[in-house]
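We call the chains A, B and C, going by the order they appear; numbering starts again at 1 in every chain.
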Amino acid sequence: MRQRSLFWLAACAALALCTGATTVQALQVTDDQGVTLTLPKAPQRIVSLLPALTETVCALGQCQRLVGVDRYSNFPESVKKLPQVGGGLDPNIEAIVALHPDLVLAALSSRSATRLLSLGIPVFALEPKTHADVQRAIAKLSQLLEIADGQKLWREIDAGVEVAARSLPVSVRGTRVYFEVNRGPFGAGEASFIGETLTRLGVKNILPARLGPFPQINPELVVRENPDLILVGESNLEGMEQRPGWSRIRAIREHHVCVFTPTQSDVLVRPGPRLAVAARIMAQCMSDQAPRAKGLPQ
Amino acid sequence: MKSGIALSAQSLSASLGGRAVLHDISLNIVQGQWTSILGPNGAGKSTLLKAFAGLLPHSGSVSLLGQPIQSMPRRSRARALAWLGQNETAADDLSAWDVVMLGRLPHQAWLAPPNDKDLAAVERALRFTQAWDWRHRPLGQLSGGERQRVLLARALAVEAQVLLMDEPLANLDPPHQADWLCVVEALLMHGGTVVSVLHEITIALNANRLVVMREGRVTHHGATQDAATRDAVCQAFDKRIAIHPLNGQWVALPHIPSVNPFHPVPKDASP
Amino acid sequence: MNVTRTGGLLAWAALVCAAVVVLGLCIGSAGFENTVGALLGPPNAERAMAQQIVWDIRLPRTLGALAAGALLGLAGALAQGLFRNPLADPYLLGSASGASLGVALALASMGSAGMLGSSVVSEASVAASVFSSSVWVRLGLTGAAFAGAVLAVMLTLSLARGVQHTLRLLLAGVIVGVVLGAVTSLVLLFSPDSLQAMQSFLLGSTSFIGWTSCLLMAVVWLLCALAAWTLARVLDGLSLGEATAQSLGLPIGPLRAALVAVLALATGTAVAQTGLIAFVGLAAPHLVRAMARVPHRQLMWLSSAMGAVLLGGADLLARWLIAPQELPVGVLTAVLGGLYLLWLMHRGSGSLGGLRT
């Protein structure tokens, strides 16, 4: 008798443990800050405070779950119709709460997390900075949104970058490039996501990885390195030729400059699902502008 | 002895911060003599002096040596009239010599370096105030009395015919107060005119003439020798002072009433 | 006499500046290198490269930093004399905030993506944004900064209704500074792409000084220094008190206006070329006063020299410390100037400049 009751007790305990374990594991994802979020079910009302994350959610086909975005999220078009809750650094807490979200996606640098948490709103912090970060962000968001094959998106992105790399003529590979992100001058080094894309496209970045992702460099460095091609946004192009010593740089002298429109710049500076689009834009321009593409000697 | 008019005010009224301080004053300051302006606090003495110096907007007219002061070219006025004010300086960096040299500005061409006349005038002024020995020390390192002497020297360096001084004895100890009296006497002997505002009544009683003020008006103007003038002074202070002769000088002493207004004790309570 | 002291200080400053120039030729994106050796060596590719780098980049940048420092040092001495306040700096009339606003507007309209949360949709709005941005493109950032600085000073003057009352002028300058600063923040809020570029302006940068900038600053400094030298007597007279200055026959009103104009010109030029470099204007006159007490006519030159030394040294360090990366030069001027002032105070003369401690 005692043996049988013990057996049933053990069986019930085991069953309870199993179901309990599965329910405990149902939605437990760790964000980039190391905080583990435990949600009873997949979030249905999401507010995103980072454009890259907005794009990722939509790329995963879950645009309909977004109820609010920050003012800088502008892709895809449907997102622009959503209520805007301020910026990433200065979100409007009241507006967020009014939307009754069950999850807020924020950047690591956002100070709103504590406030929102104290109001009972779960916050998931992600700030992709490299390709690996983007892959990880996609994985974690797929887990959160309970997408079956989360890695499919990344595979598509990866394939897209690969296609862009292959579209580049062999002669263009090895061109020495300088990507200027902003006046300062701030350049994109090998360690940044832009740098990683450039490396995959097969060109050589004059700013090595040891300088960090977006270093503020001495403009003299660019003169000394004498890149064959410069990539820059339209708004930062103004005045570049007048910089002391820059008129001698091969890229400026022979007009090998890739100029990006503001819309294109928007894509290029966001580490998100449009990495492949960014790679394509860069490859397209480099195919046209690089010296070797034009048949000129190296 | 010259007895022209150095400064003349006609229907002079002035206000400070919206409040009328001087009411319709008409006054002549005699040339070649020392006039001292006396009166209780808030009577408008400093304001009157400033108006005479042409430093204050006023209604009515002020003339300097016969000419209306407002229409005089700035530099001519600066050469004819020197002013020593109260508590204004912030020039801690300048040396005493530099400060006194600033007094020569009305005589110097705009960018010209000091010429021999300027150097001589500065030396004279510094010696008059016994400041010559430490003329290179910066103002910030001087004591209150030394500073005052340097500022006085600055006013003397202008070598103007008319010298207006507002509280020139601030921070000066009795020996230097005596020196100041000698300086004034020397100035008068050279034909200059001195007008001062002093709250040390005894010193002021050494002046040739007194202007007594009360509540923005001149109640009396006359020679110190006249008993009427001295009575007017006592009157202006509500008879709280008494003026006594002493060794050929006049001395003003506080007048202590027989009944102490703060502690009345009946007279027949004494043993 | 102070003349020998002044002469000694000027000689010291000239020596340091010469050292800064020589070092400036050798310090660049590769840290410290023996460029002078290469220049004097045999004619080969290395020498050609060194000549190019030195002539095109390092020499104008070093000289430009010295000129900018001289402008700021001069402006600081003028501001402290004009306001008779040892804590005054050349940005008090609102020129800094005006320049920031000009630059922010220029950056925002040049990079029209993300402005006001809307992107360019129709042809009409494209045309509108191109039209509005062309003014700023033509002006360029330096033009925008200078225009902003000058307009801000004019706004301050009109708020204070002239230069007669120093306190009112000071107050108006502070108000204009705060308000324009707030507007700048607002503009940046709607154009976050400009934030990074704006930061490099706000912290000051000597990276892009070429020969035009350098010569422009040098010429403006010379003009302002000569003007300030002739006006130095006014400042000395004013330091005796306004009433006394008036009694000495100084035409205070017009001369003050002239001083404000010189101050605005000097500050506007420096800010337009190098951004907002903090502390040089404030510290240079104090550093001079801690070493020699001189009247304004000599203070102008000494303060310029001290400002040049400060900014020249800071520029060298900005290039050297983490080469090929650069530190913002404004941070280094604050550190260098602050440390030097602290050391002087510690060595202690009891009173520092105009401050009685």
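Heads up, the rule we're going with is that contacts are C-beta pairs under 8 Å (C-beta built on N, C-alpha and C of every residue); 3 or more make two chains touch, one makes a residue touch a chain.
Just so it is clear, the structure is predicted and the values come from calculations on it, not from any experiment.
Which chain pair shows the largest tally of C-beta contacts?
A-C
In terms of CA centres, which chain lies closest to the overall middle?
C
In whole angstrom, what separates the CA-based centres of subunit A and subunit C?
Using C-alpha averages as centres, the distance is 39 Å.
Using CA atom averages as chain centres, what separation in Å is found between subunit B and subunit C?
Once rounded, the distance between the two centres reads 46 Å.
With chain centres defined as C-alpha means, what is the inter-centre distance between subunit A and subunit B in Å?
Inter-chain centre distance comes to 80 Å.
Which residues of subunit B are in contact with two or more other chains?
Correct list: empty.
Which residues of subunit C touch subunit A in their complex?
Spelled out, the residues of subunit C in touch with subunit A are 28-30, 49, 52-53, 56-58, 60-61, 107, 110-114, 117, 119-120, 137, 140-141, 189, 192-193, 196-197, 200, 205, 207-211, 319, 323-326, 328.
Write out the stretch or stretches of subunit C touching subunit B in their complex.
Residues in contact with subunit B: 1-2, 84, 230, 233, 236-237, 239-244, 246-251, 289, 293-295, 299, 351, 353-354, 356.
Would you tell me which residues of subunit B are touching subunit C in their complex?
50, 53-55, 74-75, 77-79, 81-85, 88-95, 98-99, 102-103, 105-106, 110-111, 136, 138, 140, 154, 158
In their complex, what parts of subunit A are in touch with subunit C?
Of all residues in subunit A, those touching subunit C are 71-72, 74, 84, 87, 90, 181-186, 211-212, 215-221, 223-224, 233-236, 238-239, 242-245, 248, 262-263, 265-266, 269.
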